[in-house]
């Protein structure tokens, strides 16, 4: 038994180091601060570097430089800090650098920010959204792997609960397929040979004066299409005979799944889908059930963001209803009154009854 | 005849001043630079202030302060610069300040950035997207009006062509309904009376130690819903008997509209819808035709962004096809080979024939 | 790509414990000790601590869910099987979340004896007195955890002692012995295994 | 809310003009003069200038669309009714966009006389010579615009003269007279109104 | 021990020359830590504004840090700015209301980390605003980490053995950076460790605001404040720690006055 | 007039001691304006790197400005950084490759406007990188507007009558801001107006890179470059205008060497 | 046995607001403040005033929790204390 | 009539690359560079070299367009020029 009792933020840091992350830079902001603290403590012990950067803008720039040398590198923050990084995120993506971003969000209102790219231009980050620490430990490792596979940033969308909850988890390195060497990484060795490298986001090539953005960006667009097909992930339960399906993401889904399991135990024909990747969105999973359910309920704690993706997935094949809403306590950290299984239960029961006309049999 | 031959950027600036804008701050970036130049030249003559800010982050902060005094104030930039402003955009919106943003985009790839809010949290800007200078002159005035009506930022989504094209336009002030006085504006006069003001984005109220984000943000969410109902705008042509409809936005729509008019003249039953507001999206206009057309073609010059909103509008009631794509010349300013009516014509004709099975009758 | 995610499908035994107190009572440490002990015994645990306000003297709560499979319960516990109440000041928030007939241990006599606990299976433990007697007056919460373990059989004393050692920050390592003594004294204070934590859930409910 | 947007529904006469040259030839100013003259006469115009490269000597092109209603054409002209060619260096980009039998004036003899212009209704104007004779050697493009106005009737000399005054930056105001002289000389050089710009489009096409 | 009743005002004739809270504060009860220096600095500023007779013509742009817990208690028109961005917001305020007294309130994390550029540019532009820096050498709000002003040897959450230049870089002193800038009129640094220091700091604040009123350009006062929580020391040791560790490096006094660089150290 | 054939190498025995382009440049043909000072500065830097023997161990983070048109021509591993952000990127490069020579190339708009904070923080941290500032006092790339370094009286697109402090604020001098910072080892400013100045500038660059190689912390060279286009003056007047208008304010020379503040002006 | 202490002013203290930081104690020039042994509702010790206050305001200046108001007597009081 | 000019070095000039800025002209210590009257393909005047070059490299240093390569003769040349 190799499980250890650790807080989410610590588990994420340990797993990142297991995944070979050797550079981290960040600026404190609740609930991301603890991730930074653990990085600062543990990274040097692993022979890596953690810079307590003077701002988020500088943090992401440092990660950019570290990535350019071929290192596995990450940064992170919380809503506001990530907003400040948007310009860099957009450019790093188009420079095809494998950045990993630890987003410890204050709740679920940053779904658009994560999935639509808040920056300029056509780009996407792969967004992994763990339900709990066990999954976060896997996701952060997967993030470094996928980032290298696709040469595209990957974000972990966590939150206050993920950062602050502690669980008994196994902290083991996952063995992924080996990846090709990073022949694009800078080290200066080819300078003066005509073969030096220029890591950029606009289609600059060495020795050519102009830039070729169209060709460059079209290639990237094709990559995003390939990622959409290859990397959509979800979790589902009880779909076979469900006539109502509820979807939720992240730690909120743990509350929803718990209630659905209870309702199932009590006989409701209710099912559950959780997008594990927020981008690419696991549309197929929703398509597959759209024909057989009365409604898909979207329980998200924001003004209604993921619901767009559910609607885009089913395109009218099933009604889609918003079941959640904005919910915050006085801290503003995203832990609101809707994070209560009793409350969720009454919401789901009402939706189920409304849509299916059935009372659960008791 | 009061028309004047002016470049788009100049027309926008003149119209902003007609609308009572008295503060502007910005940082140069093609193709936004000329807007800033004209502001710097004309604002002082109107008794206003234009600050050539040292960066975009500072520019938006200055506009923030000016707005807090009740002044009509604006800022602007281009893709990257707006990415840097995302943190402030999000907070200014939730502080309910009537910011106007002049976005001179490098093409159409910033649709998500504008409509989804690149920042953190639940918020929306009203996005007005003029097709030409005539409309831009109206939009900028409307922007200041709507910003005050809703106490919400409004953005003008323009581009290189809008900024650099010159037209003979009428520059006249539009008479809008009078608005209530800005009793929330700061002037210090109520200091020490218990009635001083605190402009903030998190539900702080004077004298109460905590914050009340939930109540505050829910009220804002209700406001967004009201804006969605009240402010969606579009332009349409030839819808009555159309069996194919093409949609496009901004200056690109002028190319598309031109081609559609030609195809109509030649007998094709093709129609045209242009969202004038990108947010709120004029969904109803698409719903209305969805039942009677074979397909809706979306001609946008990006990787496929507005198409999401078209799909969300019709929810499967009509097939929706992407007709445009990424297109850029070597400047990267967003004027690519697809901005050519001959090319567009062959694309639309092919789509029309594919979807309707009809050849245009010649 | 070889990558497998294991998802719990729920089921099995799952127990919830709520611990409430005020700042400085050691609530977080005590909860961690129990969580670590359970981990050492191969169980799954899920725990969340919350602190009210920035000032000392604010509320401090912790919740712990433990079970023999990956925990299905979410980290904010709406309905709990058991509770430890160190102080009555923020008791109301805990009371409403305890299930009828929940197992409850109160820190006597600090916890206001006038409060009606008739809906619960309540036990009073003079935790401060016991802790003080073991030379560690600040370890009342540890005594309570010892008592809880004794009463429910949730975790064994040996695992608890090791967990104690793992949980103490280095600068407090010198208090290890008195803390373990407190733990054991709490354990000894209660009638042993009245409420078997590891029984099937349905049998208890 | 009282707010009305006027949208053109197209129709009416719409003419396209492409002007091509190299840096320093005054292409942009000349195009602006014509656009302003048209504006003064109550017409609608739409114009876009482009400069190739950052260096002097790069291409400089301008397009102008004018008509009697709000312009339906987009600002990048794919197919044009007329052209002015100051230099042959970047001529190819213009040639492919001129419609068959388009009206074309070339800057003779700078524009390479060997180039085949048989598909167009081409006129040669010795613009540099004329301009130089009027004391304004840099105003060749102005001569061309004068010729264009004479040949097509697009705009009158009076409006062009006022437009000239409006278009000169203050530090070049002193060249106003020679520029107007160049304009008039260009106008006088061509057979007048061979191609009536304001005729119905269909009648010309 | 003979004790005087301090529950109610004296019954013999007396003048209340310091009321419990300045009139620009709605409420004195706040959530900051015991022994925190920030409320002292803030109150001093409010008093000075009142004494100058500008109470009803003052506006603030406030940053984000521990002192943000106090801002809802200020009875002064204000914008709650983002972390680091107050000087630009103050610029906007002042440009539109040049007849008003405009000040910022920022922490060291806010001003010297996240927003260093904002304050330097505002200063060089010569904006007629007064920026007030509450410098405790830590991000108090997020748990006491090192900032760009933590002096070498200072304890913080991530430098429990004291900041070491080799690993943590060097501190930045605003009184080095600001005086050479042309737009800057007044620069001073004070502390709140003793009553005498509080009085001196009040004097600096008054001069800074007077410079603004006189239209002399940008003015700046840095106030060193105790953060026993972030320094991981007992509350009572706060002032002594500040005086022994921080003040010798970040010297107090005036650094620029009337637009001229001075070095009148205390 | 007797003219020498300059089309081909001499036929009599001779040594080519300056080839047309340094070996770290792929191509000398570029799109910058006639009379621009930036290519001179850039070439000098490349030559020095080569002379130091670090050609195959150098990496750059390059900002955005006119010189960006040159960067595809550099035969040096580089990151094209965002406007203003190169020092952080260079930090990341250096931290992961401490055995490499890492430098930035930035304009004044890039470094002193958009990215002032980046360079100051990197300097205070004592990052062992060399930041090179090409200062022409304008945003060349976007059309010649005033930047934070435009000296009073200097012509730019929006100060055609010369920068006036009253309306446009005051310039910021990096050689004022950097030397007091603890992490800074070397600071100098040169020009490229004459061959002698180019030689002096090359010396500064060499010392700055040597400081990096020696592990002495942050080093910095500012190079004043002509921008006749942005200054709206004839190309031939560029060097003279620079020497008469800019250099008297932004003095050339070394300001810090071996970590000690010096003021050996030329 | 008693003596008279000249007392030029006095203070009021909002002891419920006091967080017990003790900063006022060394700040008082005549040293007439001392910490209580009882605790307030917050659980903190708070300052007590002995005769001899000068009304100087030092305690007011240094108190982070705005507990003090300061009075200066129109006429100095002589207060009798046990010697 | 002619005289001999001692010439220690020479340069090659890529005149097609020259943008005619004339910066090299005053930079040349012996003043042996002068601008052409003909224009290159760019339309610019470009420098011409008269005898007397020292191979000092000054022109190389100041040329923004990298037009120069510099040679130093192994032995100084004496070049005959019309007086």
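Letters A, B, C, D, E, F, G and H mark the chains as written, and numbering starts fresh at 1 in each.
Please note the rule applied: a contact is a pair of C-beta atoms (placed from the backbone, for glycine too) under 8 Å apart; a residue touches a chain by one contact, two chains touch by 3 or more.
These figures come from a predicted structure and were not determined experimentally.
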Length of the shortest touching-chain route, chain C through to chain H: 3
Least hop count linking chain B to chain F through chains in contact: 1
Which of E-G and B-D has more C-beta pairs touching across its chains: E-G
Taking each chain's C-alpha mean as its centre, the one farthest from chain B: G
Distance from chain C to chain A - Cα centre to Cα centre, in angstrom: 33
Averaged-CA centre spacing for the pair chain F and chain E, given as whole angstrom: 37
Chain A and chain H, separation of their C-alpha mean positions in angstrom: 63
Residues of chain C touching at least two other chains: 55-56
Multi-chain contact sites of chain B, meaning residues that touch two or more partners: 54-55, 80, 87, 91, 202
In chain G, residues with contacts to at least two other chains: 19
Chain A partner contacts - residues on chain E that touch it in the complex: 82-84, 113-114, 116, 139, 142-143, 145-146, 148, 157-158, 168
Touching residues on chain E, where the partner in the complex is chain G: 1-4, 6-10, 12-21, 25, 28-30, 32-40, 43-44, 192-195, 198-199, 235-236, 238-239
Residue ranges of chain E touching chain F (in the complex, touch as defined): 113, 115-117, 120-121, 124-126, 148, 152, 165, 169-173, 176-177, 180-183
Chain E-touching residues of chain B, taken from the complex the two chains share: 22-23, 25, 49, 51, 53-55, 57-69, 71, 73, 87-88, 91, 95, 186-194, 196-202, 204-209
For the chain G and chain E complex, residues of the former touching the latter: 7, 9-15, 17, 19-23, 27, 34, 44, 48-51, 53, 55-75, 77, 79-82
